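Chain IDs A, B and C follow the sequence of writing; residue 1 opens each chain.
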């Protein structure tokens, strides 16, 4: 009897220690089943596939780590991973810098119409990437609006075929990412900055701090958490760039815009290098997790 | 402690579950597509029950789309028991999705597969296409087509040999790559239609100095430049050598002075500013639209553009093939993508009847009426005026007295990509003509060696 | 906080510039979409060619693709959200051995890129005959949505009032009753946010339908648009119109329920 009372009390204290231990699992079961079957199992299978050479048609051959060795040796794959790093700059770093400045300026002064502005700059996040890609392919066309604008302001020398130029195509694709990410990052940072107590700023001003010092000594440290989140989200988005490249350049010109996720698709389903594609996918996952871990570690440390 | 062991055991348990589910290696348990025993074939399909025939084509351009729609409707009318489920997509999209589609359990019945080793060759090797020789006998296709056309749809069963062996498909249209031009622009510049490559070069120079864009090219897709390089190469390299290179058969080489010369000529066009700026970043379709809009003088392209261009330009449009050194015509061309039957096709009789129908003599008339170049009966169906008259006579002249050269990307499974990327490099001036031919030779030699 | 009139003015300038940068491309596509689709149509001289939308809808087969998109999105939203509510309820309100493990297991799924598991998934789905079916396109997205949804609902249930749950339970209500009659009704905003985000991600997804329906029989709207780009060779007006049609459903939802979208995407990201 006393043990029953004890159980009861602990149930109250810890809210819901259950008498029937299978109950939570019954609630978990549908989610776990679907999630396990269609995400976890395939992930395990990907790891397994990556040790085989298989063309997707006939029998497979176990090749050990060959597919991973190939990733290091294959110049085109190395290039693809390098492009992904460049895209991280455009998807994550550049929006963060713009977002920080923008959010800091906007938070200092209360301007009317903020809600409306927020709605607009967040808009690219909800437009399907394919639509975004179709739009920008038109904008970047040699006789498209971007070159038209440059000519209008007398910068004819800057005009180029944005998606056909070895130097400019990767940045051009990256800038589409910047266009998409900046709104999210800015809104996130503004939400963080809004939580900073006003009197902190008042005190700083009494000490004679200018806008710049105020930014570095108060604003920046207090949105550390939001910066971490923004970087995590945008870096993952950069590494997962597939639709954008598929619709705009298919990796061209030459191989100047190939990215790992496009290589996964191309190798697995166009070239019939299924094992190699799985290996690229696994490496991509490891990179995503590592970058997340590093970003979060830095975010916590300071 | 207890909690930790429990957690660990759970983790191990789920790991074991994963492995258990994943026990079979990739490629096992897929059930090797056992070749269905080919029963007796029939050319009479009026008796089969309600059937849906799934057809994948890439006939998306104006005139092409029109002919296939008319023919599909006529076929359905003739055989009310058959419904055609048509999936059409652009050339690029067909190429990227076809491999996946053919390996799928629910594959289409009839597909248009590019002749080359990277497409038809790969599918033949994987046993995904059905050899059509029995139907060819039954329908008399070998009488309908000339041998030189059918060879481009012919592979040995292991796909090692291209151009000899079993027949895998039938094309509807002929193709010839040449130069489209604006007649009014030419007369403004005081030029006649260039007869050969050196006159063409002079015409380009004249157009350039008059402030025109001499030549339009949209090469964002990478393959359009192949159709510029192909005819140009014919001006420098022996036709037989090009055919060997193009079919990926042994005994030829890219690393020859002649090929380097051809590549230099192409690069010099870039250096002289003959192309529209940013050709590598221009859409293929934007380029011919520019010609139609009067923004350029010449455009090197395939006869498949004639219908769309004529629609926009009318009588102002002309077409020619520059002659090579000995005065004959040699250029890239051949046939449109052949229609093939997949091994997964549910009713091959219906599929064969469809292919027979859309390549029949009366189909050729519809193909001609809709502004395309029929692969058979070309001479008798030739129109008397307009750009199509030019196209028909060029095709006739090239096939009868000149050399119709294969598309260069047929050569190896990766050649389309290698050549496309190398041409973009060449146009951008990132590689020298020597480096260009070396890159191509590497791909070609590799393949020839592995094939022996 | 006091700021000078100059600073305030500068702020407006910055706001307007950035709004224009975002809206510029949208304006470009809109201008293209209502422009003339060919030279002969241009000669008619009208400014707005609204018929482009009708024609794009027909030529691009968007009625078929939109229907597929709606079907897939409904399946994913209903199944993933239901499963997430149940799982989030277990992880958020019940104490049991392994709950932390399962939480991290689901968290893993939020970060795994689709590219990592799509390759084997396709081949395994093919061998069980699920490719080229709506289920084949829906299941992987259900799995991905469950990873996020469980995380999201757990956060909501943890913040819900313990006292209320206890009170209900003392009244003899079973755990199912507590969930459906107390927590779900109060949690409608959180659930609505989850529904909207899941709908948006499913609608906009490209790689999964591309791979899972190789024969094109289950082609969703974004896929239809990508293929329309190569298929329609005459100009850009219809392509632009098609692009607007594909983006419109989510954009309209966003305009009316933007708080949910922004809140969901910002808070959903903030991991513990």
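Criterion: a residue touches a chain if its C-beta (ideal position, glycine included) is under 8 Å from a C-beta of that chain, and two chains touch if they have at least 3 such contacts.
These figures come from a predicted structure and were not determined experimentally.
K.L.:
Treating subunit C as absent, figure out whether the rest stays one piece or breaks into groups, and list them.
P.N.:
One piece, even once subunit C is excluded.
K.L.:
So which chain is farthest from subunit C, going by the mean of the CA atoms in each chain?
P.N.:
Chain B.
K.L.:
What whole-Å value do you get for the distance between subunit A and subunit B if each is reduced to the mean of its CA atoms?
P.N.:
The answer is 38 Å.
K.L.:
Round to the nearest whole Å and give the separation of the Cα centres of subunit A and subunit C.
P.N.:
A distance of 16 Å separates the two centres.
K.L.:
Report, in whole Å, the distance between the mean C-alpha point of subunit B and the mean C-alpha point of subunit C.
P.N.:
Going by mean C-alpha positions, subunit B sits 38 Å from subunit C.
K.L.:
Would you pick out the residues of subunit B that each touch at least 2 other chains?
P.N.:
As it turns out, subunit B has residues touching two or more other chains at 14, 26, 92, 100, 103.
K.L.:
For subunit C, what residues touch not just one other chain but two or more?
P.N.:
105, 120, 122-123, 211, 214, 226, 229
K.L.:
If I count partner chains per residue in subunit A, which residues reach a count of at least 2?
P.N.:
Touching at least two other chains: 40-41, 45, 48-49, 56, 269, 274.
K.L.:
Name, in rising order, each residue of subunit C that touches subunit A in their complex.
P.N.:
Per the touch definition, subunit C meets subunit A at residues 1, 3, 7-8, 10-12, 14-15, 18-19, 21-23, 25-26, 28-29, 32, 79-80, 82-84, 86-87, 89-91, 93-96, 99, 102, 105-106, 109, 111-124, 139-140, 142-144, 146-147, 149-150, 162, 165-166, 169, 175, 200, 203-204, 206-207, 210-211, 214, 221-223, 225-226, 229, 236, 239-240, 243-244, 246-247, 250-251, 254-255, 258, 261-262, 265-266, 269-271.
K.L.:
Can you list the subunit B residues touching subunit A in their complex?
P.N.:
Against subunit A, the touching part of subunit B is residues 14, 18-19, 21-22, 25-28, 32, 92, 95-96, 99-100, 103, 122, 126, 219-222, 276-283, 286, 290, 420-421, 424-425, 428, 430.
K.L.:
So in the complex, which bits of subunit A are touching subunit B?
P.N.:
36, 40-41, 44-45, 48-49, 52, 54-60, 62, 140-143, 159-166, 169, 249-250, 252-255, 269-270, 272, 274-275
K.L.:
In their shared complex, at which residues does subunit A touch subunit C?
P.N.:
12, 14-18, 21, 23-25, 27-28, 30-32, 34-35, 37-43, 45-46, 48-49, 56, 102, 105-106, 108-111, 113, 117-132, 134-139, 145, 179, 183-184, 187-188, 191, 198, 201-202, 225, 229, 232-233, 236, 239-240, 242-243, 246-247, 260-261, 264-265, 268-269, 274, 277-278, 280-282, 284-285, 288-289, 292, 296
K.L.:
Would you mind writing out the residues of subunit B in touch with subunit C in their complex?
P.N.:
Residues 3, 6-7, 10-11, 14, 26, 29-31, 54, 60-62, 87-93, 97, 100-101, 103-108, 285, 289, 292-293, 308, 312.
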